[in-house]
Amino acid sequence: MAGSTFGRVFTITTFGESHGPAIGVVIDGAPPGISLATGDVQKELDRRRPGQSAITTPRAEKDRVEILSGVFDGLTTGTPIALLIRNEDTKSSDYDNLRNLFRPGHADWTYGAKYGVRDWRGSGRASGRETAARVAAGAVARRVLEARGVSILGFSREIDGVRAQSVDPAEIERNPARCPDPGAAPRMVERIERARADGDSVGGIVEVVVGNCPPGLGDPVFDKLEALLAHGIMSVGAVRGVEVGAGFEAARMRGISNGMEIVIRAALRPPASIARPQRTLDASGESVTVEIAGRHDPCIVPRAVPVIEAMTALVLVDCLLVQAAYSSR
Amino acid sequence: MAGSTFGRVFTITTFGESHGPAIGVVIDGAPPGISLATGDVQKELDRRRPGQSAITTPRAEKDRVEILSGVFDGLTTGTPIALLIRNEDTKSSDYDNLRNLFRPGHADWTYGAKYGVRDWRGSGRASGRETAARVAAGAVARRVLEARGVSILGFSREIDGVRAQSVDPAEIERNPARCPDPGAAPRMVERIERARADGDSVGGIVEVVVGNCPPGLGDPVFDKLEALLAHGIMSVGAVRGVEVGAGFEAARMRGISNGMEIVIRAALRPPASIARPQRTLDASGESVTVEIAGRHDPCIVPRAVPVIEAMTALVLVDCLLVQAAYSSR
Amino acid sequence: MAGSTFGRVFTITTFGESHGPAIGVVIDGAPPGISLATGDVQKELDRRRPGQSAITTPRAEKDRVEILSGVFDGLTTGTPIALLIRNEDTKSSDYDNLRNLFRPGHADWTYGAKYGVRDWRGSGRASGRETAARVAAGAVARRVLEARGVSILGFSREIDGVRAQSVDPAEIERNPARCPDPGAAPRMVERIERARADGDSVGGIVEVVVGNCPPGLGDPVFDKLEALLAHGIMSVGAVRGVEVGAGFEAARMRGISNGMEIVIRAALRPPASIARPQRTLDASGESVTVEIAGRHDPCIVPRAVPVIEAMTALVLVDCLLVQAAYSSR
Amino acid sequence: MAGSTFGRVFTITTFGESHGPAIGVVIDGAPPGISLATGDVQKELDRRRPGQSAITTPRAEKDRVEILSGVFDGLTTGTPIALLIRNEDTKSSDYDNLRNLFRPGHADWTYGAKYGVRDWRGSGRASGRETAARVAAGAVARRVLEARGVSILGFSREIDGVRAQSVDPAEIERNPARCPDPGAAPRMVERIERARADGDSVGGIVEVVVGNCPPGLGDPVFDKLEALLAHGIMSVGAVRGVEVGAGFEAARMRGISNGMEIVIRAALRPPASIARPQRTLDASGESVTVEIAGRHDPCIVPRAVPVIEAMTALVLVDCLLVQAAYSSR
């Protein structure tokens, strides 16, 4: 109930602060007999980690994952799978001036008000770094889905108003914007680079398409598949809107079509840590000017693609296992 | 886990089929000492019920609520509050031709596939009638919020492309579209009436504004306030998209603003039960034409306003009670 | 989290006070396709209700159950099953002198301290009457178990020190003590009658034997079958101890045997409402003498048999459905 | 739902196999601002670990704990606390002959049947070693209780039929049996040593007394304090019975007394790994003779004391936090 657990049968609990000893996740409820190696998880973490391309933050988090439990002889055993990622390159001195400040647009103030104490180094628990634990758990979920032939494909549908007009899956990992349209990709990259040069930041839209999804996933009433997806995806810090299928366009349609293909879109706001001086409050409530020295992305949309994919995979596997409980009755 | 329960501390469990003996809800975890009368619940049910205006379905569901438990001498006692609404005017003969058909855009097929058996009368459990139980529970949540000075104001922001340009709270209940802009209201009503005349249906956007909301509601990571709201609101059948704050517009902004006012928008698709003949499948998989005799709304946006308000109230009260568990530690 | 819900997949939520309009239960997660009639539930309620024999309280609660939802054409549909029992014969005037008193050994004081307000009539929510809702839900669980060939047999193993030395299933319902040993039965009845004559009360031990139980039920670590049974059975008000298998005898054994037959024993204390004057506290903390006019059992062991059976059935079905979620992966 | 999580607000999730890389626990929901150092946890682990005295197994598990998250500047921050214990001295070669065998009285067969695959080394997840993670989490719970003046005192009430007749708290940690009666202690030790000499094993009873417990803990109906304690304690592998207060003696009492002091007793069976040859089944269902080379305790009662204390502490803290959610409303 304290918020770090997600899922009903395939349940994940994440832990860790950005500048503490480690972050990680415990997965309880993973099916036994699924082939799982460290590399399966590392591969997804490498897609999320900073420093992977010219347009992301140069922080060199290596994000090496270790499997602590739940796997024996290369197969999951049905017991909890604990995944550990030690924190490295945590220059907390970058954040020394934040000890008594609350950064604008961050959760700093909220945590301080809620708990009385807070780890002020680099957002602590509220850091985007927490999503690495989600991606690690999502990698296990993806192995379960692959075993059932279900595919998950994510990409940047839009960045700073530049929209992908076509979707070529082969194109996505070829450009640092994770744009599926080779025409739009260079323009997206250009927008991100310009924002960096201006000390500014930009947002965008991540789209995820689920292929070969079994029918009937999700429960009636409160735990419909769409509702669980909305919950999981809206819980990613920068997300401000979630759509399924026709989404907001449906509000202007006549009649309806009820296609079986699952498409999800998440709107991401521009990141809050920008290089320009900003007005904020200090611990005594005084208004002060803060410049944030930490190295941050001018646009998190490309790195958010594996995170939104992970949340989608986690919800789908959870629903698959819940469905099994009922269909086998 | 079977989907009919929502909330962590203020927990609701709904039950009932549209054409069975009754629908209802059990609320476990309501605070004690809150003043609660049948009229408090009835008032909200009357805003949702069919037949309330010229532009809604003429089905005359009276929706009389009875409080079965949890209230003594006009105050809640902290024990479960059970609310019962008997079904009346349930002409299941209207649905006789659906015994072996699955209606396009309805959950009929999904339920049939999932459970093997189904109550084929008027969508059964999947009927929009289930939302009456949510509104009843939401009325109790609203009483808790009122005692803390928190207000919830919902309205139709857009119907069939006609958008409210201003928000006058006094205007909302004065027109059957629940439009807060007296200029846009007649045009919304006209669009709905035209859709009915055409045997067609239209969608729209419901907006809910929360006033005087205590800071820090919601938990870190997976149970952020926005995530719980997205879950609850996306679980309403016709909703295809949920936004908080700037929503999808945020994807095109530079920098961010982190206002404290809570605004939520839900996109509702046009309802699926339209009067024109439609192609669908029968139980043996054959394609057939179906005409649906039941009396349905050409637009559910106005009646969805109290439903989205109810889901918002339920999430807020749940978060308030969870916060109490931690702040008093 | 407020305590009125039990189970993980086969989830029950009970509601109602002893002297309010009604009590009842909502079962979410029942499998579809199970044959269920009102009589199936009524039969079990009749085994629990007061006034069924010379040695129980003469209160004539009829306990007529109504199925409100979840059943169509005689079969469960997989949707929530709501069961309603209206309260009758609720002489709250019997309890008028308790408005400002807390009865010794009752939960009155605890509820008052916890919630500030309380329904003082006949223990309100804390009344043993709440177990009728458990028995009603248990009747549905028993139907699910019967369909799988699992049997549940409960009886009074011991009353006021008189112990059944043999178990003849046919004997149990033939005597009002629910004693499976025809030799011990009259002595148990005699002890109960003597306690009534003395205005006193006696306790005993209920035993439940599960036949043909599938192997491997229960989850590792915290949700072992024994742990869930202990939780459910210890939650019945008068129970002070729970054993599985050899129980406390195992503490004195050498080595172990790990039989497959499931045997559970629950120790029940004497009921607290006895006819003799007792010292207690009033609302202002003064010590006063109270005589309790309500009609109560001098021994609840025979009527507790269907309650402990119900809790056993509820746990077993829940574990069966959880197992299905994993075994079908 | 997969069984490795316990608690509602103060929630623990344990992970790890006895012969894998590590075991550990994630605590979500711990209050912020509690002083917590590695030594606080290490102290309790040292009371549980093997090799601590002449009468326990000579396996030299060092059980060094590392705090991975949730603590900053010596105080808990309200975020998840992850505790890690690396496995050392894991001679899996001791278990080579068990690769295709199922040990009598162990969960080996159950896990094998349930999951299809299993970690056959030293019981894997089903090993008693999992209780180290519970003790680590319990140490954090004890810090929370200490801050509120609540004390928890556990001891061996009975071993192999030898019963402690008096309770001197200062005596408990002075003798390897954790017996509070200096007269009974040497006789308990003697019984354990004789069992070891015979290649046999013995059981006993652990008692825990809670001092200064706030009134009203636990929720009505299913989550009474006694029910949650029974759940938690019965989930410890060797426990076969749980009593609260007068326990099974209450079944033979007249009238009742409703004292406020909380006393819990757990009956522990003799451990299953004994040195003598035993008959069991191999993977093909053949009956074979097995000798178990692993080093095991002839009596686990003294080492179970901190485990039962830990489960008691975990339940109490969980109830304290739940109560806070309601009382502050």
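Residue numbering begins at 1 within each chain, and the chains themselves are lettered A, B, C and D in the order written.
Assume contacts are C-beta pairs under 8 Å (C-beta built on N, C-alpha and C of every residue); 3 or more make two chains touch, one makes a residue touch a chain.
Note that the coordinates shown come from a computational prediction; the quantities given were computed from them, not determined experimentally.
Q: In terms of CA centroid distance, which chain is the most far removed from chain C?
A: A
Q: Hey, which one of C-D, B-D or A-D is the same interface as A-B, over half the contact pairs lining up?
A: That interface is repeated by C-D.
Q: Just give me the whole-number Å value for how far the CA centre of chain B lies from that of chain C.
A: Computed value for the inter-centroid distance: 37 Å.
Q: Any idea how many Å lie between the Cα centroids of chain C and chain D?
A: Distance between chain centres, rounded to whole Å: 29 Å.
Q: Whole-Å distance, chain A centre to chain C centre, using C-alpha means?
A: The mean C-alpha positions of chain A and chain C differ by 47 Å.
Q: Residues of chain C touching 2+ other chains?
A: Residues 1-5, 8-9, 14, 29, 32-33, 78-79, 111, 114-115, 125, 220, 322, 325-327.
Q: Report the topology of the inter-chain touch graph, choosing from line, ring, star, complete and other.
A: If you draw each chain as a dot and join those that touch, every dot ends up joined to every other.
Q: Give the list of chain B residues in touch with chain C in this complex.
A: Checking each residue of chain B against chain C gives 1-5, 8-9, 11, 13-17, 20-24, 26, 28-29, 32-33, 66-70, 72-73, 75-82, 84, 111, 114-119, 124-125.
Q: Give every residue of chain C touching chain D within the complex, in rising order.
A: Listed in rising order, the residues of chain C that touch chain D are 1-6, 8-9, 14, 104-105, 107, 110-111, 113-115, 125-126, 130, 158, 160-161, 195, 200-205, 215-216, 218-224, 226-235, 237, 239-248, 250-258, 267-272, 274, 322-323, 325-327.
Q: Applying the document's contact rule, which stretches of chain B touch chain D when the two form their complex?
A: Interface residues on the chain B side: 1, 9, 29, 31-33, 78-79, 220, 321-322, 324-329.
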